[in-house]
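Chain nomenclature is as follows: A, B, C, D, E, F, G and H, assigned in order of appearance, with residue numbering initiated at 1 for each chain independently.
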Amino acid sequence: MTTPPVGIIMGSQSDWATMREAATLLEELYIPFEARIVSAHRTPDRLWDYGKTAVDRGLQVIIAGAGGAAHLPGMMASKTRVPVIGVPVQTKALSGVDSLYSILQMPRGFPVATMAIGSAGAANAALMAAGILALQDAELAKRLDDWRDALSASIPEVPHD
Amino acid sequence: MTTPPVGIIMGSQSDWATMREAATLLEELYIPFEARIVSAHRTPDRLWDYGKTAVDRGLQVIIAGAGGAAHLPGMMASKTRVPVIGVPVQTKALSGVDSLYSILQMPRGFPVATMAIGSAGAANAALMAAGILALQDAELAKRLDDWRDALSASIPEVPHD
Amino acid sequence: MTTPPVGIIMGSQSDWATMREAATLLEELYIPFEARIVSAHRTPDRLWDYGKTAVDRGLQVIIAGAGGAAHLPGMMASKTRVPVIGVPVQTKALSGVDSLYSILQMPRGFPVATMAIGSAGAANAALMAAGILALQDAELAKRLDDWRDALSASIPEVPHD
Amino acid sequence: MTTPPVGIIMGSQSDWATMREAATLLEELYIPFEARIVSAHRTPDRLWDYGKTAVDRGLQVIIAGAGGAAHLPGMMASKTRVPVIGVPVQTKALSGVDSLYSILQMPRGFPVATMAIGSAGAANAALMAAGILALQDAELAKRLDDWRDALSASIPEVPHD
Amino acid sequence: MTTPPVGIIMGSQSDWATMREAATLLEELYIPFEARIVSAHRTPDRLWDYGKTAVDRGLQVIIAGAGGAAHLPGMMASKTRVPVIGVPVQTKALSGVDSLYSILQMPRGFPVATMAIGSAGAANAALMAAGILALQDAELAKRLDDWRDALSASIPEVPHD
Amino acid sequence: MTTPPVGIIMGSQSDWATMREAATLLEELYIPFEARIVSAHRTPDRLWDYGKTAVDRGLQVIIAGAGGAAHLPGMMASKTRVPVIGVPVQTKALSGVDSLYSILQMPRGFPVATMAIGSAGAANAALMAAGILALQDAELAKRLDDWRDALSASIPEVPHD
Amino acid sequence: MTTPPVGIIMGSQSDWATMREAATLLEELYIPFEARIVSAHRTPDRLWDYGKTAVDRGLQVIIAGAGGAAHLPGMMASKTRVPVIGVPVQTKALSGVDSLYSILQMPRGFPVATMAIGSAGAANAALMAAGILALQDAELAKRLDDWRDALSASIPEVPHD
Amino acid sequence: MTTPPVGIIMGSQSDWATMREAATLLEELYIPFEARIVSAHRTPDRLWDYGKTAVDRGLQVIIAGAGGAAHLPGMMASKTRVPVIGVPVQTKALSGVDSLYSILQMPRGFPVATMAIGSAGAANAALMAAGILALQDAELAKRLDDWRDALSASIPEVPHD
């Protein structure tokens, strides 16, 4: 079984409600992916293994969603040079600002490509992954262009009640 | 003259103090780039042209820095499918939270890979660009691995006064 | 068909729930208007055209509502000298503070007359438009004065349970 | 002595450091103005008089700057239908977020056209005033267009160290 | 008809849901009061009159509740030396932080005794008024002491499910 | 030695730089006061004693300044029914928002009359104390009216460079 | 009756909904505890007694939950050297940021071990208490290790819909 | 060489300016400690080793300071049941709120005892460690009591200019 180009990882089952948006969009663009729960705190060794093997397994992009003290995206970025896209999951008390700061404010050396808080960010993570992969895949580039054109074409001129 | 793989664009001359960090890091990694001032509000047609020609010119990654109502990264993402990395420049009154929200909170359809506020974010934008380009460039991948290894090796065990 | 003096534009159909307040108030004051969906990111060319033709079409005021990374009002202000009034639409994770900062914090050169977050802001955008148009329209000035007087007169002296 | 079309008012002498930017820009555009200190709390009767006579005196736009619990712009908007543009002055403890919320969050009925915090906002207040006055003054419209064109033309293509 | 010692004023009918807490607590302490809607923006002359006559009418404490750009408490404090207690009403988008900053951040010269956001603040406004009046009213002092003792005595030692 | 009507207390010596503003203003109004360091955490028994004896000693108003986790004003309000005015001292990391929330957000039962963050708040605490004492002291009322009139009269009409 | 090693205290009955999480987790780990309502403001003497007797009674850890101007944890830390763990209870207007700042920002001298806002924080308070007690209790250390292992083992590899 | 009971770890050399406060206070209390730089992102394997061996090496408390996306304290808490005390280091753009949220908002299972932002927090981390160790060390308990008494005794009654 070959490794898909995109790995979607998340800190817990509850993040799937958000991260499913990324999966759906990857499916729309016919981009294979795997989805895994990799908790930075509860399964740190799983995180370690995932990061250490990412290059060799052939992963091209890792999409990592987490909430609260969201260490998964940044720790993954510390373990592999495969580009990591981070999705801050919305939280109850702090609306995801905690997730955002934990993912975004990485020190010099370990970038995480941070997306908007919540499901718009999850969908955009998939599109960012598509844009990266399209650099080497002309057919995907075409599908992405078409997806973008279709989105633009879907906007009516006049709002309706 | 060939187009370099990376374009660094910024909203104004004053952003260069921050964005120069990205340039420096690209130079360290021997990644060719161009640097341009492209103001979303003062030179919108320049933004349009830059975005519309990005694919054809062969740009692989666009790094866009801006402050305040920072529309440059998101508008660029709307004009091209080339991956856009956004750097929120720190601001006087709101410390760059205005820049951050203007760059980060993109709607479904147009991702911007947002980095940390300020110069750490600019440096990381270059590293993210390197990670993306390294997917198709084994020698760059090697240089990036070496850069990361050297960073890790530079950390002393014990703090000094 | 003549161009009305006021254009209400918004980033998406979902903003209409908020922006309808502006429309309702313009109707109360007998000010003709048009309502359009102009997405900065999904339909940038529509934005360009709207801005470029605004003066020639005879638009006197543009009311622009958007949420999240709300680039529509500021980009419109960059394309035309017609006064632009911005309405920050309330958002799920950040309550519209993202919309607010993206609209408000414009750099020197391109003002957006920013209103309160949400539907009060949309209603006030219409009243601000009325105040601007009333400078050249004595009858509208009278209607606006009456509207304001009626609002004041409607306030009871004593609260009721 | 005739009333100029624009009145710049501010809550205290210390606000002049910010509001002078508005004055400078009005001068650049040859728009006559008056500058007055009108403290909502220390000189409420002055505020009352200024607001009550604004229409009769022929004021077309009022630019009001204030900091902290910044009540001047909103109270002025309650006293006159002349368009009020509000400038949140940056403050020591809260960076002007207090000024911003006090000016922006007006209830339905009394809009204040809020600008960015600090001196960029003051300059933009003048430009917004110019845009409003230009609706009835073709020569000013020309000067404003030229000012905007000159600003755009002043942006170099490449940043310099 | 004599003026009661306490005036409860609020910016709109909708604030009564919050301010009723103050009324209830004043009733518990047998402190006479009046409740009035006094909108800073919609009925500024009412505000003026209320403030100007407060001393002569014999008001001892004014409790003022308002939301958003909450100018009522501070403007009242500018019109009279009668102590003004401010209650920030919770708001939809900004949770009452806008109300709070508009009430709290008064400049040197015009204090507003700001209470907690929402109904706890409204209840405490009444208790603060009671504490002030108790300085000259030994019987009220006794009732207030009793109320406080009863509150303390009502707290069980052990939580129950 | 008689107890003065006003007690200024503060959490540490470093708060005196702020609270001195209250002392200065009380002196201007010829209101006797005492100034004490009463640390909620370092000298809790001093806090207890100060609060328990406040009524019997004849204190009429307590002004309490503190920073960070600022428990002094609220704990004092729990120990005495003498009105407590709280001054949030500006802090290094959080600008006094921590002080503000710790003082302001008191539960139902124990009001603290919270003033603006920093020295404006300290000055206003003295003026609030004056307003409370003036309810029973016609001469002080006159002095306070004069102080307010002088403040208003000191405001020039026109700003100077 | 012997004193259990852990005391759970809270500011009011309403905090029990949150603090029960701590109790549940202590039960899972077979750690005896007592639960008490100790209001810093309504029952300050109870707070005093609890703190003063903590060492002599043999308490090893105190878990203190409170909301708003949450003075209980910090005041307890001022009364005893027994380690105090603070739990910021989520609040209506400010989502528990007020609770957090009131608990966290303690001055040099009186630490409070602050946990996450809300019920996750309450559960973690119990685990922190367990970690502290485990330093002297090998069997508890074993139970804690097992609890942690079981948590890790419970995480599935793949998310399910 | 025996392992000291306390380990102070920090994300980078620059954190030492803050964390030195912890070291100083441990020295004052005669508590042996080691100080190490352990970067979560730059030296993740060092973090792993430190955490995995903590129990066996005999560490009793780990004090971890970090700034920005501060993952060190929480990741350490995931690797060992030894109590981890977290110190949020103040940062340039976000004043340490990013550090705070990244440290504080840990999910159920992995507590970090979070201290105040900056050097007060570092000092308090040492005192919290002392309080924990004092549970099994009567002489340290005595020294800690004395330190606390001396702090209280050092507070003057009256502020000086």
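Observations on the model:
Keep in mind that, in the parts below, contacts are C-beta pairs under 8 Å (C-beta built on N, C-alpha and C of every residue); 3 or more make two chains touch, one makes a residue touch a chain.
Composition by chain, UniProt nomenclature: A, B, C, D, E, F, G, H = N5-carboxyaminoimidazole ribonucleotide mutase.
All values derive from a computational prediction rather than experimental measurement.
Between chain A and chain F, the least number of touching-chain steps is 2.
The contact pattern of F-H recurs in B-H, the pair among D-E, B-H or E-F where over half of the contact pairs coincide by residue number. Separating the CA-averaged centres of chain G and chain H is a span of 19 Å.
Distance from the chain B centre to the chain G centre is 44 Å, each centre being the mean of its Cα atoms. Chain A and chain C have Cα centroids separated by 35 Å.
Across the assembly, chain F contributes residues 12, 42, 68-69, 94-95, 97, 104-107, 109-110, 116-117, 120, 151 that each touch 2 or more other chains. Contacting chain pairs in the structure are A-B, A-C, A-G, A-H, B-C, B-D, B-H, C-D, C-E, D-E, D-F, E-F, E-G, F-G, F-H, G-H. Residues of chain F that touch chain G in their complex: 11-12, 40-42, 44, 48, 68-69, 71, 74-75, 77-79, 91, 94, 97-98, 101-107, 109-110, 112.
Residue ranges of chain E in contact with chain F, taken from their complex: 55, 60, 81-83, 85, 100, 104-111, 113-117, 119-120, 123-125, 127-128, 131-132, 134-136, 141, 144-145, 148, 151.
Within the complex, the chain B residues that touch chain D are 10, 12-13, 15-16, 19-20, 35-37, 39, 42-43, 46, 68-69, 92-95. The touching residues of chain E, when paired with chain G in their complex, are 90, 95-97, 116-118, 120, 151-152, 155-161.
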